[in-house]
Amino acid sequence: MKRTVLIALAFVLIAMVAVQAAGKSEGSGDASDPSQQQKIVWLHFANDVQQKGLDAVVEAFEAQHGIDVEIEFRPGGPEGENLVKTRIAANDMPDVLSYNSGSLFQVLNLEKNFVDLSNEPLADRLLESFKATVTDGKGGVYGVPYQPIPAGGIIYNKRVYEELGLSIPLTWAQFIRNSEIIKAAGLVPVIASYKDDWTAQLLILADYFNVEASNPDFAEQYTANEAKFADTPAALRGFEKIQEVYEKGLINKEPMATTYDNAMEMVALGQGVHYPMATWVLAGINEKFPEYIDDIGFFALPGDSADKNGATLWMPNNISIAKTTKNLEAAKLFVDFVVSDEGLAALMSAGAPDGTFAVKGAKLPDTVFPAVKDVLRYVDEDRTAAALEFLSPIKGPNLPQICVQAGLSLKTPLECALEYDRDVEKQAKQLMLPGW
Amino acid sequence: MSKSVQSLYTYTFLLPAGVIYALFFLAPTFLSFFYSLTIWTLSEWRFTGLDNFAIFLSEPSLVIGFRNTLVYATVSASLKVVLGFLLAAFLTSELRTKGFLRSLIYFPNIVSTIAVGIMFSSFLHPSKGIVNVLLALIGIDGPDWLGNPSIALLSVALVDVWKGVGIAMVIFIAGIQAIDRQYYEAARIDGASSFDALRHITLPLSRSSMNTVIMLAFIGGLRSFDLIWVMTKGGPGFTTDLVASIIYKQFQGGFYGIATAGNVILFLIVSAFAIPLYRIITKKEVDL
Amino acid sequence: MNTIKMKKLIIEIIATLLALALFGVPFYFVVVNSGKDAAAAARMTLSFPETTQYLDNFRQVITASNSMLIRAFFNSFIISAATIIVLIVIASSAGFVLGRRKGKAVNIISFLVLAGLMVPPAIVPTIWLLRTLGLYKSLTGLILVEAAIMFPFTLLLYRGYVTTIPRELDEASLIDGTGPVKMFSLVIFPLLKPVSVTVTIINAITIFNDFVHPLYFLPGAKNATVQLTLYNFMSTFSTKWNLLYADVLIISIPPLIFFILFNSKIVSGMVAGAVKG
């Protein structure tokens, strides 16, 4: 008898687990009463720099369509990516999702998990270069951009450049020469904020225009396991550049104690003059040091030839619709609104954008930051290339640490490149890509 | 003992514990041996033999984790043993403030590792942190404790000692207090100094506490993850990566098979040290 | 004799000051700097705040990211309390049997349990299992995993104590005709109260301070525990050291209260656990 009681207890325990399990999968859908106002849930990055603008978009959308948008925040980076992958696997997706465009998005099995928008009228308004980053390669279009296009290169202090009589360098050698002059003036030529190790990657990532200029097929060959960083001199240059600024004493002291936020302050105040970064840093500088934002400019990371000089563009994050949504029409209205003239106007109502949009005919106000105007010059002159991560699905997860190794000269550029090639190989195998 | 009394100790009592422990600890441990041999996405897997282990043993960024883990565990455990013993010997002598000092030194133990990591990240800041500011007062130009690849690992190990020396001390105190006072009386009559007493009485008779501290500190050190993750994230580069932080990074990168192989490797390393220690414990239990 | 006393006194004073500098100053630093403004805290000095803004800083920390910290406190309390209840139930009953019985089966079980004390949990397979059971990212899932991980240590405490309870009690209840469940819950379990107290205190602090397992098994903003929140605040507040210290201060309060209330019990419990374990 007593024994039965205990066994029963154990079963209750197991049952509890089971009930919890069942409840979890059942409760994942939208439980709201259909007679209530329609609502869509948007899983979005926490701490988005342009959150105010997005809130304005949501507000304008709710006012126009009478549909509620509930934003659920998630972390960025690998942690957030894992969270999304987990929720896809658990059939626990929200109605709409924001995600990085390009390779990160394309590994999510777009056709199976997201709604194809290529037959919607909105698809005609998107730039081809953007569509290439949200397609499954079979003509489907699975997301719309909600951000300006960031450009990677050198964020620099124009005031110091004027004071020292420097001109924009078109080659890496000129860049080093400028840096030596800045150093002689007692300022930090190149800001290294390796405490936030992701920032160490920019000299490589933003160098991709130069890689593509000398090896137009690099992305394709790299994806097919035919080209490597270590045996492609143009690609190896990125690691060499990171090491060179250290070896020549051109970076700040305490790079391992300097954060992204510290770097913003340094470049804004002119204590540091060059910051290898992308234009997404501008919103942060503007928020913290609005009085100095007009001192900040942008130029492309120079390569070895002045004839081929251009900026590397990141593609904006996208908003997609999950296939599991029960509010497909409302979700479609929402993504359509995001790229409509009203949507863009609402987005810009919170402040001038820090780049141009991947939407045809989008008009930028005259109040954009001077650095954004610098970027627009490259775009207008068609001197741009997309960053490698948008052209190839493989990006080794250890690139930040490997770049720090180069940046502190712990290893040679070649060793770093070899190490990164192995990291890439691991990623390609995990993705089960052909040819690896 | 009668058979009927035995019937009171029914194995049914083990069932609830058995279900939870077997399901949430033992089963994953056994599964890890299989999944460490695969490329795994959680929903699908592909068998790859020992590839994952080969990766772990060949990539410089992963191999460094073994060396670091052993260095970190050895440094932090040996300092905890030595300092913990000396503190215990000192704080079992007649002192007015010993109760206060024991609590003070023990206190970091109950503060979370994340909080301790944040605190010491600022103390060890190369130019503004109090450690280097104090060193500057006596004319020493302090290094970048967490940014200099050759000392970052040791810096974190020292913080670990700061946080954990209290528990070592407390275990030693318990051991020392169990020593019969008569030994000390006899030694004093023989004219032995207090150092002699420490060396020839306290130290040998604290053997069993010593074993406990070594085991706790060393195995804790091998498994350590949170402090290093908060303070350096394994950097600069990979110079302070431990096996446990590598596992986390592989997990973050979505390399579930490799992460699990790391888990198995950590399992083997810990077992290599734990099995001899297990013998010591079981032997001690017979003594009790 | 007097000079020896003097010498002793001087040593004691030096030791006390040294310990205060090494172990007291770090906490003093956090306390003063969590009341400063961002610029003053960024200077990282030990000076007293010129203008104190404790309440304002605390308010900012608590209300940050939609008052995440409140939610986190709630979650951490639930996780700690539920895990402790589960542990007390499963470990006291298992400890009783393992403390009383002898034989091969008991040895094998003891080995498996001791192994759990040392061997690190297999992370990804546990996640896979939780997902399969639909418990991944749920408080229930984390509670069960925490219980499994803390079980070996807790069991050893109970088992050690059970051996000190005379068997005559069991035999007496056998004569009374009481069954095992009733006998255990009415006779033995109340006698285990000192261990149950120790188990509660130690597990409460360990689980409340746990970072690694929530990091792996409870990701996502909604489910944050206090330690995860603190970790996330490191990037959110990366230049606002005052708020980071304020957060450190706030989440150290529950363990601090525990420490003040149960100081001696924690220490003796830790020792008992460690020495037995």
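Worth a mention:
Read from first to last, the chains carry the letters A, B and C; within each, the first residue is number 1.
Heads up, the rule we're going with is that a contact is a pair of C-beta atoms (placed from the backbone, for glycine too) under 8 Å apart; a residue touches a chain by one contact, two chains touch by 3 or more.
Treat the numbers as computed from the prediction; the structure is a model and nothing was measured.
By count of C-beta pairs in contact, B-C exceeds the other of the chain pairs B-C and A-B.
When chain centres are set by their Cα atoms, the one at the greatest distance from subunit C is A. Per-chain Cα centroids separate subunit A from subunit B by 38 Å.
Subunit B and subunit C have CA centres that are 16 Å apart. Multi-chain contact residues of subunit A, defined as those touching 2 or more other chains: 2, 6, 79, 82, 86, 89.
For subunit C, the set of residues touching two or more other chains reads 131, 144, 180. With touch defined as above, residues shared between interfaces to two or more other chains in subunit B number as follows: 10, 12-13, 16, 20, 42, 125.
Taken together, the subunit C residues at the contact with subunit A in this complex read 65, 131, 133-138, 140, 144, 179-182, 219-222, 232, 236, 238-239.
Across the complex, subunit A meets subunit C through its residues 1-2, 5-6, 16-18, 20-25, 46-47, 72-75, 79, 82-83, 86, 89-90, 259-262.
The touching residues of subunit B, counted against subunit A in their complex, run 10, 12-13, 15-16, 19-20, 39, 41-43, 46, 55, 59-61, 125-127, 144, 146-149, 233-239, 249, 252-255, 257-258.
Residues 2-3, 6-7, 9-10, 13-14, 78-79, 81-82, 85-86, 89, 194-195, 197, 253-257, 397-398, 401-402, 404-405, 408, 410-411, 419, 422-423, 426-427, 429-430, 432 of subunit A are the ones that touch subunit B when the two sit in their complex. Residues 12, 15-16, 19-20, 22-27, 29-30, 42-46, 86, 89-91, 93-94, 96-98, 100-101, 105, 109, 111-116, 118-129, 131, 144-145, 147-149, 151, 155, 167, 170-171, 173-174, 180, 183-184, 205, 208-209, 211-212, 215-216, 226-227, 230-231, 234, 241, 244-245, 248, 251-252, 255-256, 258-259, 263, 266-268, 270-271, 274-275, 277 of subunit C touch subunit B in their complex.
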